[in-house]
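Letters A, B, C and D name the chains as they come in the text, with residue numbers starting at 1 for each one.
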Amino acid sequence: MATLLRDRAAFSADMMRVFSDESLLAAALQFEAALATAEAAEGVIPAQAAERIRALCANPGIDIAALAEDAAHAGTLAIPLVGHLRARSQDAACIHLGATSQDVADTALMLQAKDAAGLVVRDLGLMSKSLADLARIHADTPMLGRTLLQAALPISFGLKAANWMMSIDATLLRFRHEMGRGVALQFGGATGTRAGLDGKGAAIAARMAAELGLACPPLPWQARRDGIAGLAAALAIITGTIGKIARDIALLAQGEVAEAFEPHVPGRGGSSAMAHKRNPTGCQIALSAALRTPGLAATIFASMAQEHERGLGGWQAEAPVLAELFCLTHGAITAMLPVLAALDIDPARMAENLRAADVGTDMGESASLVAAALTQRDQTIED
Amino acid sequence: MATLLRDRAAFSADMMRVFSDESLLAAALQFEAALATAEAAEGVIPAQAAERIRALCANPGIDIAALAEDAAHAGTLAIPLVGHLRARSQDAACIHLGATSQDVADTALMLQAKDAAGLVVRDLGLMSKSLADLARIHADTPMLGRTLLQAALPISFGLKAANWMMSIDATLLRFRHEMGRGVALQFGGATGTRAGLDGKGAAIAARMAAELGLACPPLPWQARRDGIAGLAAALAIITGTIGKIARDIALLAQGEVAEAFEPHVPGRGGSSAMAHKRNPTGCQIALSAALRTPGLAATIFASMAQEHERGLGGWQAEAPVLAELFCLTHGAITAMLPVLAALDIDPARMAENLRAADVGTDMGESASLVAAALTQRDQTIED
Amino acid sequence: MATLLRDRAAFSADMMRVFSDESLLAAALQFEAALATAEAAEGVIPAQAAERIRALCANPGIDIAALAEDAAHAGTLAIPLVGHLRARSQDAACIHLGATSQDVADTALMLQAKDAAGLVVRDLGLMSKSLADLARIHADTPMLGRTLLQAALPISFGLKAANWMMSIDATLLRFRHEMGRGVALQFGGATGTRAGLDGKGAAIAARMAAELGLACPPLPWQARRDGIAGLAAALAIITGTIGKIARDIALLAQGEVAEAFEPHVPGRGGSSAMAHKRNPTGCQIALSAALRTPGLAATIFASMAQEHERGLGGWQAEAPVLAELFCLTHGAITAMLPVLAALDIDPARMAENLRAADVGTDMGESASLVAAALTQRDQTIED
Amino acid sequence: MATLLRDRAAFSADMMRVFSDESLLAAALQFEAALATAEAAEGVIPAQAAERIRALCANPGIDIAALAEDAAHAGTLAIPLVGHLRARSQDAACIHLGATSQDVADTALMLQAKDAAGLVVRDLGLMSKSLADLARIHADTPMLGRTLLQAALPISFGLKAANWMMSIDATLLRFRHEMGRGVALQFGGATGTRAGLDGKGAAIAARMAAELGLACPPLPWQARRDGIAGLAAALAIITGTIGKIARDIALLAQGEVAEAFEPHVPGRGGSSAMAHKRNPTGCQIALSAALRTPGLAATIFASMAQEHERGLGGWQAEAPVLAELFCLTHGAITAMLPVLAALDIDPARMAENLRAADVGTDMGESASLVAAALTQRDQTIED
């Protein structure tokens, strides 16, 4: 369970907002409003009813804590939410018509995921840019290459940064693909047949998807969870990639190595016991996130074997876990972005450690490899 | 990230309270107060200072949201917390003396774990009792045994319940052991040497542990995380055990089987699309928890390889994950306790399904096996 | 550790061959041969030396058990393998020139992955075809839709099959993408700089990749593991998807439901205690695989934070785990392919259970949804 | 899937033997022999039949590869195994009487687990002893304490070793408890009722358990999997603990730190690209194992929700995963035991790094903490 004191450091404020109770409620109401509007457009409910429902959804007068208690008791958010709306409406029968609880829950999650993805894409792009700068500037800066935590042969620091950059770009590409496929409207009714809509189900779905800015697959996906699993995987791989960068920097920042450091930020990275310390706090957050995301992605994979037309337990497990994956991933990005944008590098110490290792000075094709990586980036990424 | 609307159904209100921000802050302050008192008793700080610190900790005037922002910036809760206390105290140098951030964080987590464990032990004991009743009452109630989801040979329902009971008892026993070993004071200072305490470290630790009701291992455990891993495992195994019971009941509650049902609770288990439905909501919560706990326990295991005297990333990952394990586990217990206390069983239908399967009526040693299980329970469990 | 008696049921014979010791050794030798040939073509070693090395790799006279002992002692396969080759060659200095152990290990894994992917793609395609047939044939076959393991509203069996098909197609698409990106040559030398090759490293890499049929990224990827993570995720998602199909069929095959069964195969699905039983053995294998793959994918994600230019522990963990993911995934496919190709369906019983549930007969837009799914399939999949 | 070339380094030869096909077959035959003997002793089958069955089990003439194919086809090992025995026996009806496939499979796994546990307990005990020696010898050897991978305050190396030792001892204790509870006979027949044995089931079980050296719980445990889950957890926690030690040593062995090294072993830890390297191969194996075990333990936890009297998929997943956990855990122990028994420490360099960090020389209560840890060890552990 998340609390501010424990989780605020691991998450970003922006992402906490995306997955707040307020945002979830707003997304659920957006679903109901879009549904009414689409049904009116297809002549399934009266246009005035749709307008009144829309107005009610914009101003529903809901107390979140009370709604949460009711939802916990009912076993689903939609029942008390729809009950609340119907009790305040002259169009009770037109509200939530043809929809089921999972339609609201899954679509609301997707609306949150769309906003969350925007943050991830934006900030991962910025991270890639910082890394491209590091690669370019330090294409010829010699340092010791290290394998199995032992001195190996020379590399350039730019080559290290180019490798970081290429991973980030590759994970961003995968994430975009998964978003494109996976962030989709769910609208199927009780068993995914769109019954009770006079055969207008597909048209209503298309209208809703257009209004909500979501993809519209040919079938409702209430029991096909590969899209969510793909998103979860893409997030875990992003965080793992950032974890690798964080581990490298934390190792370089060791006192005995002293080649690179997180930028100094007043009040950050101190110790309650030792005033002299400057801890790699950004790396700590990223490494912590990279430890937590694999198990969460595995949970989503393990939830896939859902029973029949709507699973018991499996799909209920997904939403909080996907939310946590987004929060941890963006937390890691947010922690490392300023670190990489202003990484404090000591080329003199790099040179010194390289000399001390006595492994020569041949950086091989480091510079041309960096150039090749930057060329590929220019061809595939728009900043 | 947890929200009320998404997580309230999965967690219990009691457990959310144990792991709330308020409880965490109270536990952290309890640590600082106990530290001052113990240090005064050992003559390391003046007695009056300790009394004033204690009073301050009882009434610190802290805004949690602001503290969370400061903690997120600093990378540790203790720095702004201790800063806040020192700024309001004439005994600044006596506050947090000889302690470090992790001492506060780990001990606060353990204080919460102690309370959390109380809830788990209490309610798991009640569940075991309900199961013992079911086993006793139905020791001779015939039903179809099913293996690989196919009809097999007859059993008694009491034998099924006795198996459930034995698993619960075994997991409760393991959990008690792990609590006894793992719920311990952490007090080591910057690197676990208890420096700066005039050699009074061990005595101070013993006093603190006594006041806080925690075990006191011979060495501080800031880089030995097997105790937390043991707790995590014990919780995951409890939830897996309850998941098995929930799966059985959900399968028995299928319309075509119809042998056992969750008790009817007004407003629970309905459908937003189908008024006739009575969903196994307790089972759903337990199965969902059982899907989520394995990955969380794995996260704690994966965090164990922590660097040197305090890890980077690993230990920071543990606290929110352990909190979530407690919440999900108690959520599963809380969901299934009323189900098992009032399970709605249809022996006639059991008999009918058994006849239809045409596998005879020999229940073997079902009744004596139930008796053996109950005897063992009487010898090992106190209700 | 895999044994024949325990694992033969879970894996396919074809896939066991792909990941056998013999295949691994052959792949490692293929790497060394391609390296020599490419280096000769770029003038880095004499052409005759390359020919002799190639001949030696074709006929190296290696005892696998002895090599395994030496590799275990050395901590890497390449050292004893290259030692063996050099000891039998007049071109010792031309063997493995500019390469390092990980180059051999990663490229050999990728060669195996390429073969493994061929099996997965072929058989998943066949599965999709069987599912399309089921969807088409049963587009209008009524059955009970079930949600939360309770009776809900009617669907057609074709709609259920169409959903299965769409997931399989989506996971196949993801897998193809990941293969295209991830199955790449690794050739970087000690620290990924391609030192010691007279600036011919990129050209040599391009020639090797062409000969071996692998992608050639601009930089060696020895410390960028997102490609392997992407493959692992795609495999886990395939298996999860098949697990869902298996769970549905196992539930339909319950004696009390009796709507669909695995085809009868003499000698399969029996019980050592009950002669009358016909167990869903294909579903069992698929469900077992779906339980095992999430943790394995999580392991690969957790391994990503690899240190510097070659990790300690992380990359060594990947190869056996990726091999196991391929084996389990293809095992699940192989188990379910004959089940889906000859699924034994009882439409009369479906109709009867539907009537008994008393939820009407309205299948909503089932038929047109099936048609939409089949249309999308026709547009995106080539059989 | 395990192969010699990939897995021999990660596993120990001893443990591979314990989990070999030959051992599994021997264990399965041991079950059948013990069953016949116990049934004869209880008068359920004739004594001569039992003797003949025992003789047959001692010399069954089975081809493992062929049996594996048959088992894969049948979906269970017991069917072809029992079929083979019955075809060669005049006592066909007395073989496997009252038992089912899972009885053989689970009990055989437990017999292997008992042998495996012997290796773990023996070698973990040796490791503890080496660590106790290091703690004692270096109780006052000053070195830099490091937190969050940064210089912190001084400790003694003995304190570090004492912490390692305490974790090992604690994990060994947990493992012993889990073995004592979990390594038990499984004998329940088709649905765990011990039908068809004239009420002699409990007595037969007691005799079998005594002969096989296994615990005998009051009920068969075919659908109660908490014991296996406890074993899996204990193994994962052992490996995590060893992973922590390995990480510390690998960090100390970095060229820039150079305070401790794995002992030099000819031919171990070399590089195929760099002759000068001495890689921490033992640490590599342990860290790799520590990455792989969490996901495997999670798999076992996730398998717990098994259906009714014998699960579909869940229990079939456990045996290979538990075997792998034992192999990886003992592989990690075997890799680190010689490292810790002959750790190459450089106290001069420790002192130098400590001076360079400029954090004073106060080791606090390091020495008395070491003494306290050793005292506790003396009171609880027998070497």
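We adopt the following convention: contacts are C-beta pairs under 8 Å (C-beta built on N, C-alpha and C of every residue); 3 or more make two chains touch, one makes a residue touch a chain.
Computed from a predicted model, the values in this text were never measured in an experiment.
J.: Of the pairs given as B-C, B-D or A-C, which one copies A-D, with over half of its contacts the same by residue number?
T.: B-C
J.: Please tell me whether B-C or A-B has the greater number of C-beta pairs in contact.
T.: Result: the pair with more contacts is A-B.
J.: Please work out the Cα centroid separation of chain A and chain B, and write it as a whole number of Å.
T.: 28
J.: Cα centroid separation between chain B and chain C, in whole Å?
T.: Computed from C-alpha means, the inter-chain centre distance equals 38 Å.
J.: Which positions in chain D are in touch with at least two other chains?
T.: 100, 146-149, 152-153, 189-190, 243, 246, 250-251, 271, 273-274, 279-280, 284, 287, 290-291, 294-295, 297-299, 302, 312 - these are the residues of chain D that touch more than one other chain.
J.: Give the list of chain D residues in touch with chain A in this complex.
T.: 146-153, 250-251, 253-257, 271, 273-274, 276-280, 284, 294-295, 298, 302, 353, 356-357, 359
J.: Under the touch definition given earlier, write down the residues of chain C that touch chain D in their complex.
T.: Residues 1-11, 15-16, 19-21, 24-25, 64-65, 67-69, 71-79, 82, 96, 99-101, 104, 189-190, 243, 246, 250, 267-274, 279-281, 283-288, 290-292, 294-299, 302-303, 312-314, 316-317, 319-321, 323-324, 327.
J.: Spell out the residues on chain B that touch chain D in their complex, using ranges where they run on.
T.: 100, 145-149, 152-155, 159-160, 162-163, 166-167, 170-171, 174, 177, 181, 189-197, 199, 201-202, 217-221, 223-227, 229-230, 233-234, 236-237, 240-241, 243-244, 246-248, 251, 287, 290-291, 293-295, 297-299, 301-302, 304-312, 362-366, 368-369, 372-373, 375-376
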